[in-house]
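One chain, subunit A, appears in both complexes that follow, with subunit B as partner in the first and subunit C in the second.
Then we have the complex of A and B:
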C-alpha cells in the first residue's frame, strides 16, 4: 500500500503539515475559518516532534499488524479494504483509549473537545495525496508505495 | 479442512480473520451459547450506563459472518468435547466434527459462596444478557443505591455505569485499596479520592459477610466488620476465571490456572487450540504462563491460533497485563509491573502533580522498562508500552523518559529507525 515516509533530515519544523492536517479535518476545510471560527477547533492528526535541530512529523504508520486494531474493543478501529489504511470509525469509538495504550508510535490522540473519540491519521481519505505530504516544502514527507512497514503488534 | 470455534468474542474473531487471511476455502463453524451476533463485551457497562445503545454493541459489521463464510450456531451450548473422535456434542443432541478446534470459551464470573447471594437483585455483570437484566431490575424496582463487590477494573466500570444512572454506589474491596492489582498505592489513593468527589464510597480491607433481603429482594448487606450498608442492588465484580468446564478431565488437555497453551496457542492435544480469557498464555515479563483476561490479548491469541490452525507458522510473542480505564472522567493507563518489590534491582522514575491530578510512574528493572502508570495524562503512553514489549535498554535516554517533550525523538536514531522498519523514517 501507499504510505507516508518521514525523512527527518529534510524536516525544517515549519509545521505546515500540522496546519494543513488540522484544516483538512475541520468542518469547513478552510484555513481561516478552521482556526478562527470553528469551535471546538479541529485537531491535527499528526504530531511534530522537535528537539534542537532535529524534527520530524509523526503520524499513524498504518501497520500491517496493527496493535490498535487488535486492542480496539468496540471494533471502531478497522482496516479500509481498498487502501489498507487503519481508520477509526468515530461514531463507534467510545474513547476507552486502549489504542493509545498500545500504539508504539504514540500516533493516536485523545479527542475530548469535539466528539469523544480516538483521533488519528486517515491518510486524508479520498485524497490522492495526504495534505501533510502535499504541503511539505522540503519532501520531508513523501507518499510512496512500499513493502509493509511498521509493526505495532503487541 | 473443517475449523470449529467454540465461543464468539474477541479470540473467535481474531481466529476467523487470521484463518480467512490464508484460507478462503475451508469451512469455519462458530458455536456459542450466547444468541447474539458478535458484540463487544466491555461495552456492557456503557450500555447499562446509557452512553451506548444496543445498535452500537456490534464488534464487527452485520455481514461479518457472510463475508467470511462462517457458519454460526448461536444460542447453542456445547456440552462436551471429544478430542479422540474430534467431535463436540451440543445441548439438545447433535454433534459437530472438526479437523482443528479452537476453544475460546472466555471467563466465568466469580461469586463467593455467601448467604443471600441468591436473592433478587444480586447479579454478576459479564454478558449483554446481564446488562439487560440489571437494567430492567433498576427500572422495575426504582433502584437508588447499589453495592459493588470488587474494586478492580470491572468494579470501577460497573460503578461508572451506575453513577450514570443516578445510583449511589458503595464499593467493597477485600484488599486495602481499590485497583490494588493494577495500580500502586499513590494511584489507588488518587482513584479513591476522585471517586469520593463523585459520592462513591469505597470500603477497603473488608468484605461482604451476608446479603439480607426483604420479600425476596436485596435490602442491605452486612460487612465483615459488622457495618450495615443499605442497597437495592448488589453487583459482583470480583473478576473472571478461565471457563474450562467443557473440557473433560481425561481429555489430555492440560489445565492449570487456565487452559495450557504453547507459543502457537495449541493445547497439549494436537489440533486443539485455545485463546482468550480461558487460557494461561505466555507472559513475557514474568517469563511464565498465566491468565491475563484482557481484550487485546484475546484478539491476538485468537489471531495467532487462527494462523497456526490454517497451517501458517505464527508464534505468540507473549503479553503482559495492561489496562486503560477512566475513573469518573480521569483517564488512567497501567502497564506491566506497576508496584515492584522494594528491591535494589528495581528503579522508579515518577512525577506527581497533586494540583493538576497528574501522576506518572515508570518501573525499571536493570535499565529496562517493565511497568508504567499514568493518571490524568495518558498522552503517548503506547511508546512506553512498546519499550516494555521490546525490552529496550533505556540508558541512552533515561533522563528524558518523563520529560514533557518525551517522544520518539528522544530515542536513539538507530532504535527509531528500527521501530519504523527503515522505510518509515529514513536516517
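Then we have the complex of A and C:
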C-alpha cells in the first residue's frame, strides 16, 4: 500500500502539516474558518515531534499487524479493504482509549473537545495525496508505495 | 515565527498576539513564503530621512553604524549599487529574409562546449581505413551547455547546497566548483563534474582532492572583492567544515590577499605546472581572476603561463562576505572585461590557447548569449544558482543566519534545503536556459554556440558612448 514516509533529515518543524491536517478535518475546510470560527476546533491527526534540531511529523503508520485493530472492542477501528489504511469509525468508537494504550507509535490522540473518540490519520480518505504531504514545503513527507527496504525516498 | 532566524516575531501569551520587531527583519521573505494564510508581507519601512539625492539613507546609516562600532562594514551577495549594466544596453540580432532562421525544435542545435587549450593547427595522418588525428590534444572539459556553477565553498554555503550543486552538475552534464573550501569526502563521487579550487589559503588541498576533480582552478581574485582575501568566520567552521578545510574547529579561516608564492606571471606558471605535474597532465588547470583595470594584459600573461582556461569575475560578482566598500567600488563590469580580453588575445593570436569563462552576475539566458557573443566560451553562475535554491538576496550571507538554509552551518537552518528539491530546481534552470539559448541562436540563424563566440556582429548597443562601444567592439543600434 501507499504510505507516508517521514524524512526527518528535511523536516523543518514548520508544522504546516498540522495546520493543513486540521483544516482538512474541519467542517468548512477553510483555514480561517477552521481556526477562528468553528467550535469545537477540529484536531490535527498528526503531531510534529521536536528535540533540538531534530524533528519529524508523526502520524499513524497503518501497520500491517495493527495492535489497535486487535484491541478495539467495538470494531470501530477497521482496515479499509481498498487502500489497506487503518481507519476509525468515530460513530462506533466509545472512547475506551485501548487503541491509544497499545499503539507503539503514540499516533492516536484523544478527541475530547468534540465527540469523545479516537482521533487518527485517515490518509485523507478520498484524496489522492494526503494534505500533509501535499503541503510539506521541504518534501520531508512523501507518499510512496512501500518497498521491501522500507524506504521509498530516492 | 518559528522560521525566522533573526527573531523578528514573538508571541505574547498574555495578549494572545504575535508581535514583530521590524528593525531586525532582513527582508528574506521566509515567513511570507511559508505563511499558510498569506497574512504576512514585508514592506520598506516608512520612516525616511529628508529627501537628499547625495546623502542617501544607506550612506547615512552606514556612518551611524561605523561611528558606533569603528569597524569595516561587511555584506554579502553582489554589488547592489546602480553601476551600469552593459547587458541591458546590448540587443541581439535575428534573421529576416536574407538569411534563414533555424527552428531548434526541428533541427539539431549544438550547445556542447569544450573548455581547454585548442591546438593552433591540426595534423592528420592517413592509415588504412581513414584518417587519424596525430596532434596531441590538451585535456578538455566537456560541457553539455555553456553554463557552470560558480565557486562557492563548503563553509560559506551549507553541505546541502553543495550537494544540490554537485548533483545538478551531474544531471546536466556541466561542472560545479568547490571554491576554496575543500571537498567533503561524500562528494568525491561527483568528481567528474567537479572543478577543485586552489586558493591562497590552500584550504582542503591534498593529493586526493586534486586527483578526484575533473579540473583544477587557481583562484587569484574574486569579482566582489578584488585584491583582498577571504574570511570565513569561526562560527561557520563546524566539525565537518574543519575536517574538510583541514583547520581547527571554530577558528576563523583567513585566506591571504595574495598567494604568497605568486608575485609574478612566472610564479603563476610554476604553480600551474606544479598542479599539472601533480595530476599527470591529465586535467585542465585554469586561473580565476577578478576583472580589474588592466585585465587584458594580465589575461594574456595567464594564457602564456600555461593556463587552460581563464575565469574572469566582474564587478557585480557575488560573495559570502566582503567589505561593502570593496564590493561596491572595486573592479570593472564583466562585459567590458570579456570584450577587452577577447580582443587582446585575438590581436596576439593566442585566443585558441585558452578558454574564457565569464562570471559576475549572469542573470538570464540573454546575458549568456550576449557575453558569449562578446567573446566568452562559457559562463559561471553563482547568485543565479542560489536564487534557484531559494535565495531571496537579503545580503546577510556573512551572518551565517540564512533562513533559506543556503549560507549557514546552523543545523536548524541547513535542513531547510532538501538537496532532492535543490538539485531538481537547479537542473530545471539549466534546462530552461539551454532551451532559451537554442531559441535565440536559431533566431540568429546560428546552429552551434561555437559560431556565436566572439561574433560581435550579432550585437548592437543602445545608449552607450563611443568609448564604451569601442571597448565592447559593438556597433550602435541602427548601424548596418
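Assume the second predicted complex is superposed on the first by the 146 of 154 C-alpha atoms of A that agree within 3 Å, B and C clash if a C-alpha of one lies under 4 Å from a C-alpha of the other, contacts with A are read in each partner's own complex, and residues count from 1 in each chain.
Following the convention adopted for this analysis, contacts are C-beta pairs under 8 Å (C-beta built on N, C-alpha and C of every residue); 3 or more make two chains touch, one makes a residue touch a chain.
Computed from a predicted model, the values in this text were never measured in an experiment.
Aligning the shared subunit A places subunit B and subunit C next to each other free of steric conflict.
After overlaying the two complexes on the shared chain, residue contacts for A:131 are found with neither subunit B nor subunit C. When the two structures are aligned on the shared chain, A:97 is found in touch with subunit B, with no touch to subunit C. In the superposition on chain A, no contact is made by A:88 with either subunit B or subunit C. In the superposition on chain A, A:42 contacts neither subunit B nor subunit C. In the overlay built on the shared chain, the residue A:106 is in contact with subunit B alone; subunit C does not reach it.
Subunit A is touched at more residues by one of its partners, and among subunit B and subunit C that partner is B. When both complexes are overlaid on chain A, the residue A:13 reaches subunit C alone and has no touch with subunit B. Using the contact criterion defined above for the overlaid structures, shared-chain residue A:34 touches neither subunit B nor subunit C, since it reaches no partner. In the overlay built on the shared chain, the residue A:74 is in contact with subunit B alone; subunit C does not reach it.
Of note, the Cα-centre angle with subunit A at its vertex and subunit B and subunit C at its ends comes out at 150 degrees, rounded to the nearest 10.
In the superposition on chain A, contact of A:53 is made with subunit C only, not with subunit B. Between subunit B and subunit C, the shortest distance over C-alpha atoms in the superposed arrangement works out to 13 Å. Put simply, subunit A uses residues 7, 9, 153-154 to touch subunit B in one complex and subunit C in the other. The part of subunit B that touches subunit A in the complex is made up of residues 10, 14, 40-43, 46, 51-52, 56, 58-60, 295-297, 299-300, 303, 317, 319, 322-326, 331, 333, 335, 378-383, 385-386, 389-390, 405, 407-410, 419-427. Residue ranges on subunit C touching subunit A, taken from their complex, read 2-3, 33-34, 36-37, 411-412, 415-416, 418, 420-421. By the touch rule above, subunit A contacts subunit B in their complex via residues 3, 5-9, 47, 49-51, 54-56, 58, 61, 67, 70-71, 73-75, 91-92, 94-106, 108-110, 146-147, 149-154.
The touching residues of subunit A, counted against subunit C in their complex, run 7, 9-16, 19-20, 31-32, 52-53, 135, 137-140, 153-154.
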